[in-house]
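Listed next: structures, encoded as C-alpha cells.
You will see subunit A twice below: alongside subunit B first, and alongside subunit C after that.
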Partner chain A sequence: MSTELKQHYTAQYSAIKASLPGMGLSWLNTAREKALANFSESGFPSPREEEWRYTNIAPIERRRFSSVSSPFEAVDRSRLKQFSIDGAASLVFVNGRSNRELSVLPEPARGIIACSMAEALELHADRVREYFAGVLNKESNGFLAFNTALFTDGAFVYVPQDMKVASPVHLIFVSTGADGLSTTRNLVIAGPGSQAEIIESYIGSEESGYLSAAVSELVLAEQADIRWSKLQCESNRGFHFGGLYADVGRYGRLNHANFSFGGLLARNEVHVDLSEASECSLDGLFLCTGRQHVDHHTRICHREAHGFSRESYKGILDQRARGVFQGRIIVARDAQKTDAEMSNRNLLLSSDAEIDSKPQLEIYADDVKCAHGVTVGQLDEQSVFYLRSRGVDRESARNMLTFAFANEMVEKVKRPGLRSVIQAELLAALPQTGVRKEWL
Partner chain B sequence: MSASSREIEKLIGQGYKQGFVTDLEADTFPPGLNEDVIRALSAKKNEPGFLLEWRLKAYRHWLSMKSPQWAFVHFPPIDYQEISYYSAPKDKRGGPKSLDEVDPQLIETYKKLGIPLAEQEKLAGVAVDAVFDSVSVATTFKGKLAEAGVIFCPISEAVQCHPDLVQQYLGSVVPYADNFFAALNSAVFSDGSFVYIPKGVRCPMELSTYFRINAANTGQFERTLIIAEEKSSVSYLEGCTAPMRDENQLHAAVVELIALDDARIKYSTVQNWYPGDENGVGGIYNFVTKRGDCRGVNSKISWTQVETGSAITWKYPSCVLTGDNSVGEFYSVAVTNHFQQADTGTKMIHIGKNTRSTIVSKGISAGRAHNTYRGLVKVLKNAENARNHTQCDSLLVGDKCGAHTFPYMEVKQPSARVEHEASTSKISEDQLFFCQQRGISAEDAVSMIVNGFCKEVFKELPMEFAVEAQALLGISLEGSVG
Partner chain C sequence: MLAIESLHVRVEDKEILKGISLNVGAGEVHAIMGPNGSGKSTLAHVLAGRDGYTVTSGMATYNHANLLAMPPEERAREGVFLAFQYPVEIPGVSNIYLLKTAVNAIRKHRALEELDAMDFIGLVKSKMKLVDMDEQFLYRAVNEGFSGGEKKRNEILQMAVLEPRLAILDETDSGLDIDALRVVSDGVNALRSKDRSFILVTHYQRLLDYIKPDFVHVLAGGRIVKSGDASLALELEDRGYGWLEQHAGAAS
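Showing the complex of A and B:
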C-alpha cells in the first residue's frame, strides 16, 4: 500500500479530528492515535494474507475517500421509507453521523440506553470506556484500526439486567456523498438475562461510489439473548466493510442473520466467542450479480464446554460476480461437549461467476461433534422438469427455484415487518425473477 | 484416569520396530550445499549435460525462495548447510551386476524390514526397487518386466539408458520452480524409481519401491517418475522406514505421474518414517511434492496413502485433470501420535470436461499430535460437468491433540458439482460399550473401530499393503480409546 494513501487518511484524521466524538476523552484519544499508528504501519489488508486471499481490495486503495458532511436533505426519503419496520425505534446515520430528524427515538424505558455514540461519549462515557474495544482487542486487521481511528459516530445500546425489550432497535446507515467515507462504530451491551433485537441496514444513494466501514461490538452477559440482523443493501458502486465482533457470556444466545445484496465490493466479518453452554446461530444469504464481489468471513470460537453453534450460509452468483465464503470453527482444548455445524450452499448461475469457499475446523478437544459441508452446483434439473411438466416455462421455472433457494433463509426471519423488507430487497436484487410479490 | 485412557496411553507408547541402524561403510559427501556439490553429485552419477543444467537452474531458483510458512506445522528453521546431500553404501566391487552381487549386509537389512530382495515365491507378484540413502541398491524382476516392455529401474539408470524419456517428462508435472522443497529436490535429487509402461501394456506385476534412510546427518531426496502410455495400466507401491535418531532428518521427495489417453496409474504409499520418540525428539521431516497429470482423455490417477510415520508430514498428492473425462482419486489415512504433526491432503485441479474426482481422507490424532487436512478443489472455467465429492473425517484420541480441516473450493464453472463433508468425533462410548459388553476387550474394540473408520481407504490398497497397513495402524494407535 502506498505511503501516499496512508498519508491521505492520516491527513483525514487531522482534518476531522476536532469534530470527532469524544475528543475530550484522553483514553479515547490514545486509542485513536494508537490505531492510526497501526494503520499507517500495516495499511489495508493485502491478498497475500491468508484471510484475504480471495478478496483483493485494490479498488478501495485506488480511491481516496473523505469524510463528507452533506445535509440530510440529500437523503432519499422514499428509499429510507422502504426500510421502515413497524414498531421499531430507528437511529439513522447519514454519512457516518447520526441524524435526529430522520430518527425515531425509542420510548424511554427504565435503564435502557439507545443513542448515538457521540451522545453516549458525553453522557455515559464511563460505560463506553468499560466495554470499548474489549472484544476487538484480540483482532488485528487494517480495517479495524482504520475504523477505530476514524469513526465519526455509531450507535450505543445498553440493555440492563433482565430487561426484555420487545421492539427492535433499527440502525440505518445512509451514505450519500461521492467518494464519501462513512466510518461508524457500534457498541451493544446486553446485561445478564436481558433480551433485545438489533437490526442494521446499510443503504446508499450515490452512484459514484463511497466507502462504508462499520464495526460493531457486542457483549452478552450471562443468559443474555440477542437477535441481530444485518441488511447490506449498499449502492451498486459502494464499497462496504462490516464487522460484528461478539462475546457471548455463559448460557447466552446470539442469533445472527446476514443479508448481503448490494455493494460493488463488500466484506462481512462475523466473529463470535462463545462461553460455557452458550449458543449462536449464524445465517447468511448473499446474492451477487454484475461485477459484484461479496466476501463473508465468519469465525466461531468455542472457548468453553457445552457450546452449541449452527451456521448456514447460502450464495447465489450470477453474471460476472464472485462470492467468497470463509467460515472457521475453533474448538479450544477445554471446550468439551461442543456441538458445531456449518454449511455453505452455493448456486452458480453463470459461467462467468465464481465461488470460493473455505470452511475450516480447528479442533483441540476430543469429546466434540463438529461437521461442515459445502456444496456448489446448479439448479436441480429434476425440479425444473417438474415445473415444466406443469406448464411453467423454463425461464420462470428456474427463477422460481432460485427464489425458493434464497427464500429459505428469509423465511427464518421471525419478525414479519423485517421479513417483508428483506423479501422486497431480495426481489429487487434478483434479476428478472418473474416471482411476484403477490405469490408470497 | 479411566481404565480405557490407561489403555490408550499404553498402546500409544508402543515402539518403532524399524529403528535399527545398519553399520555400513558409506561414501558420503561432507555437509553443505553449493553449486560445486551439485556438480560433484552430477559427475558422480555421470549425468548428461541437460540434467546438470536443470539442477543448477533449480538450485539458483531455490536460493531465491523462502521456506513456506502457511502449513499448520511448527519446526525450527532447517540449516540446509548442515545436511549431507549424498550418501551411498560403499561399493567394494564397482557396482553390482545382479542381485547375487549386492552386499549381503544390505540384503540382510531389507530382510529385517520384511522386504524380499531375492526373487522368491512369497511376494512373487511384486517387483521391488530398493533405495538405500541416496542410491538404488537393487531392482528385482527386471527381466520379467522387460519381456512386457516395461521399464522399471532406478532413475539414475534411466538417465543413462533412456535420456530422451527423462528429458521429455522430468519436471513436466512438478516444475523445478514449483515450491521450495520441490526446487531443493530438483537441485539435489540422488535417486528414485523410473517406470515406463508402453502403449497398451498392463503391467504384469505390482511395482514397488522401498526407501530406507540409514546414514546420519543426511537428507534423502528421491525423485520418482512414472509414465503410463496410452491404454496402459500400472499399480505402484511405496514404503519407507528410517533408524531412530535424536536429530531430525529431512526427506524431500518429488513424485511425478503422467497418464496419457486411457491410461491408469494407481499409486499407493505406506509411509512409516521414524516419527520421533514420545517426547517429540528426532524423527523425519517428510516434505514431499507428489503430483499426477491426467494428460490424456479417460485417464485415471489414484493416490492411496497411509501416513503413520514422520515427525512432520507436509504432503499433498495432487491430480491435474487435464484430459476430458479423466478421473482423480485420493484416499488417505493419516495417523499422528505423540508430538507428530501432519498437514496433508490433496489438490484436484479440474481442467478438462466431465472430469471427476473423489477425496476420502481419514485423520486420526492421538497424544499431543496435530493432524490437519488441507485440500484444494479447483474447477476451471472450461471444466464442464466437473464433479467432486470430498469427505474428510477426523477421529480424536485423548484430549491433548488437535484435528483441523482446511478445505479450499474454487469453482468457476456453473455446471460443476462440488460437495464437501467433514466431521470430527471421538470413538463413541456407546460403540465401545457395545463391543465390551460382548466380551471384546477395550483394546480390541478400539482397534476394530479404528479399522472400521479407515476401511474405506484400506480397501483401496493392494492386498499385500492392506495387511501391512492394518498392522501398522495397530502399532501406532492400538487401544486408542477416546
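Showing the complex of A and C:
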C-alpha cells in the first residue's frame, strides 16, 4: 500500500481527532493511536494474505475516502422507511454518526442500555472499557486497526442479567456522501441468561461510492441468547467491510443471519468463539450481479466440549459477479463431543459469474461430529420444464426457481416485520417477471 | 383432437420412436402399453415438449395446429397436460403459488381476467376433494417431502385445476398402493368428459381395471405393434409382451 494512502488516513485521523467520541479518555486514545500505528504499518489487507486471497481490495485503495459531517437532509427518508420494522427501537447513524432525529429510541426500561457509542463513552465509559476490543484482540487485520483508529460512533447495547428483551434493537447505518467514510464500532453485551435481538442494516445513496467499515463486538455471558441479523443493502457503488466478533459463554446461544444484497465490493466477516455446551447458527444469503464482488468469511471456534454449530450459506451469482465463501470451523483439543455442520450452496445464473468456495475444518479433538458440503450449480432444467409444462413461460420459471432458492433462507427469519423487509429487498434485487409478492 | 403421423424421434444418436401414428378423438381414452424401453415415456415427453428429443420426421397435429412447433408452456396453455412419472420437487415454491401462476398464465392466454383470491381458493378447494387431499398441502413446497402417492395425487390435482383438453398420464400408476391407485383413478374418471381426451401411458394392466380405456395400443421397439379395445389389455395381462415383441422383431 502506498505511503501516500497511509498519510491520507493519518491526516484524516488528525483532522477529525477532536470530534471523535471518547477523546477525553486516555485508554481509548491510546488504543486508537496504537491502531493507527498498526494500520500505518500494515495498511489494508493484501491478496497475498491467505484470508484475502480471493478478494482484492485495490479498488478501495485507489480511492481516498474522507469522513463527512452528517448532512442528514441528504438521507433518503423513503428508503429509510423501507427498513422500518414494527415494534423495533431504531438507532440511525448517518455517515458514521448517530442521528437522534431519525432514531426511535427504546423505552428506558429496567436497566437496558441502547445508545450511541458516543453517549456510552460519556455515561458508561467504565463498562465500555471493560469490554472494548476484548473479543477483537485475538484478531488482527488492516480493517480492524482502521476501524479502531477512526470509528466516529456506533451503538452500545447492554442487556442486564436475566432480562428478556421482546422488541429488537435495529441499528441502521446510512451513507450519503460521495467518497465518504462511515466508520462505526458497535459493542453489545448480553448479561447472564439474558435474551435480545439485534438487527443491523446498511444502506446508502444510489449514486455515491463510499466506504462503510463497520465492526461489531458481541459478548454473551453464560446462557445468554442473542438473535442477530445483518442486512447489507449498500448502494451499488458502495464499498463495505463488516465484521462481527462474538464470544459465546457457557450454554449461550447465538443465531446469526447474514443477508448481503448490495455493494460493489463487500466483505462480511463473522467470527464466533464458543464455550462449553454453547451453540450458534450462522445463516447467510448473498446475491450479486453486474460486477459485484461479495466475500463471506466465517470462523467458528469450538473452544470447549459439547458445542453445537450449524452454518448454511447460499449464494446467487449472475452476470459477471464474483462471490467468495470461506468458512472455517476449528475444534480445539478439549472440545470433545462437538457437533458442527457447514454447508454452502451456490447458484450460478451466468457463465461469466464465479464463486470461490473454501470450507475448512481444523479438528484437534478426536470425539466429534463434523461435516461440510459445498455445491455449485445452475438452475435445474427438469424443474424449469416442470413449470413450463404447467403454462409458465421460461423466464418466469427461471425467476421463480431463483427466488425460491433464495427465499428458503428468508423463510427462516422468525420475526414477520423483518422477514418482509428482507423479502422486499430480495424481490427488488432479483428479476421479477413471474415472481409476485402478493402470492407468497 | 390429436393426430400423430409417422413420428420418428431420436435421443442423441439413438432412434427411440420409429414411426408412430395415432389418432385421439375428443373424449377418447387411449392406453399406451408396452415393455420397458419401448418408447412410451419418450412419446409422452415429446408431446409435452421436453428438451433433449429430436424429431427427425413425422408430425403431431393438435386441434389443427402443429403441436411440435410450440414451446412447452404454449402447449400447456392450449390445453395439453402431462402428469409426470416422477414429479419434480421444488423447494421454496408452494403448491398454491404454482397453481395460481399456472391458472392465471392459462387464463391470460385465453384472454380471461385473473381469478381473484376468493374465486381461486374456492376452485382449488373444490378440486382437492376429488383427490382427497388436505388443505395443508397447498402451503407446502411443491412435492417436497411428499410420498409417492401424494406426488401422484398432486399431479391429478393440478390436472383438475388446469382443466386440460388433452391429458397425458405418464406411468401415473407406478409406485402406488391399491388405495392411492383408487383415489387417483377416481380423480381421473371424474374428469372424463366428451371434450377431454386422455392418453394413459402404463406398463401394467392394473390401472385399466379402474380407468376403462376406449383404445389400447401396444408400443414395442418404438412402434405401435398392436391396437385394440380394452380387451387387448386383458390379453396382455395373460400373455405378457413377449409374443408382440417377437412380432415387432419379425416386422422390422
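Here is the rule we use: the second predicted complex is superposed on the first by the 436 of 440 C-alpha atoms of A that agree within 3 Å, B and C clash if a C-alpha of one lies under 4 Å from a C-alpha of the other, contacts with A are read in each partner's own complex, and residues count from 1 in each chain.
Keep this in mind: a contact is a pair of C-beta atoms (placed from the backbone, for glycine too) under 8 Å apart; a residue touches a chain by one contact, two chains touch by 3 or more.
What you see is a predicted model, and the numbers here were worked out from it, not measured in a lab.
The superposition on subunit A brings subunit B alongside subunit C with room for both. By the touch criterion stated above, A:V374 is placed in contact with subunit B alone, subunit C being left untouched. In the superposition on chain A, contact of A:A31 is made with neither subunit B nor subunit C. By the touch criterion defined above, A:Y364 reaches subunit B but does not reach subunit C. Using the contact criterion defined above for the overlaid structures, shared-chain residue A:S350 touches subunit B, although it does not reach subunit C. In the superposition on chain A, contact is made by A:Q382 with subunit C only, not with subunit B. Of the two partner chains, subunit C is the only one that A:S396 touches; subunit B does not reach it.
By the touch criterion stated above, A:I16 is placed in contact with neither subunit B nor subunit C. Look at A:L102: by the touch rule set out above, it reaches neither subunit B nor subunit C. Superposed on chain A, the gap between subunit B and subunit C at their nearest CA atoms measures out to 15 angstrom in whole units. No residue of subunit A touches both subunit B in one complex and subunit C in the other. Of all residues in subunit A, only 50, 333, 336, 346, 348-351, 353-378 touch subunit B in the complex they form. On the side of subunit C, the complex with subunit A involves touching residues 48-51, 71-73, 75-77, 81-82, 84, 87-88, 90-94, 96-98, 100-102, 105-106, 109, 141, 158, 162. Here subunit A touches subunit C in the complex through residues 380-383, 385-394, 396-397, 400-401, 403-408, 411, 434, 439-440, going by the rule given at the top.
Remark: subunit B residues 70, 379, 381, 394, 396-426, 482 touch subunit A in the complex.
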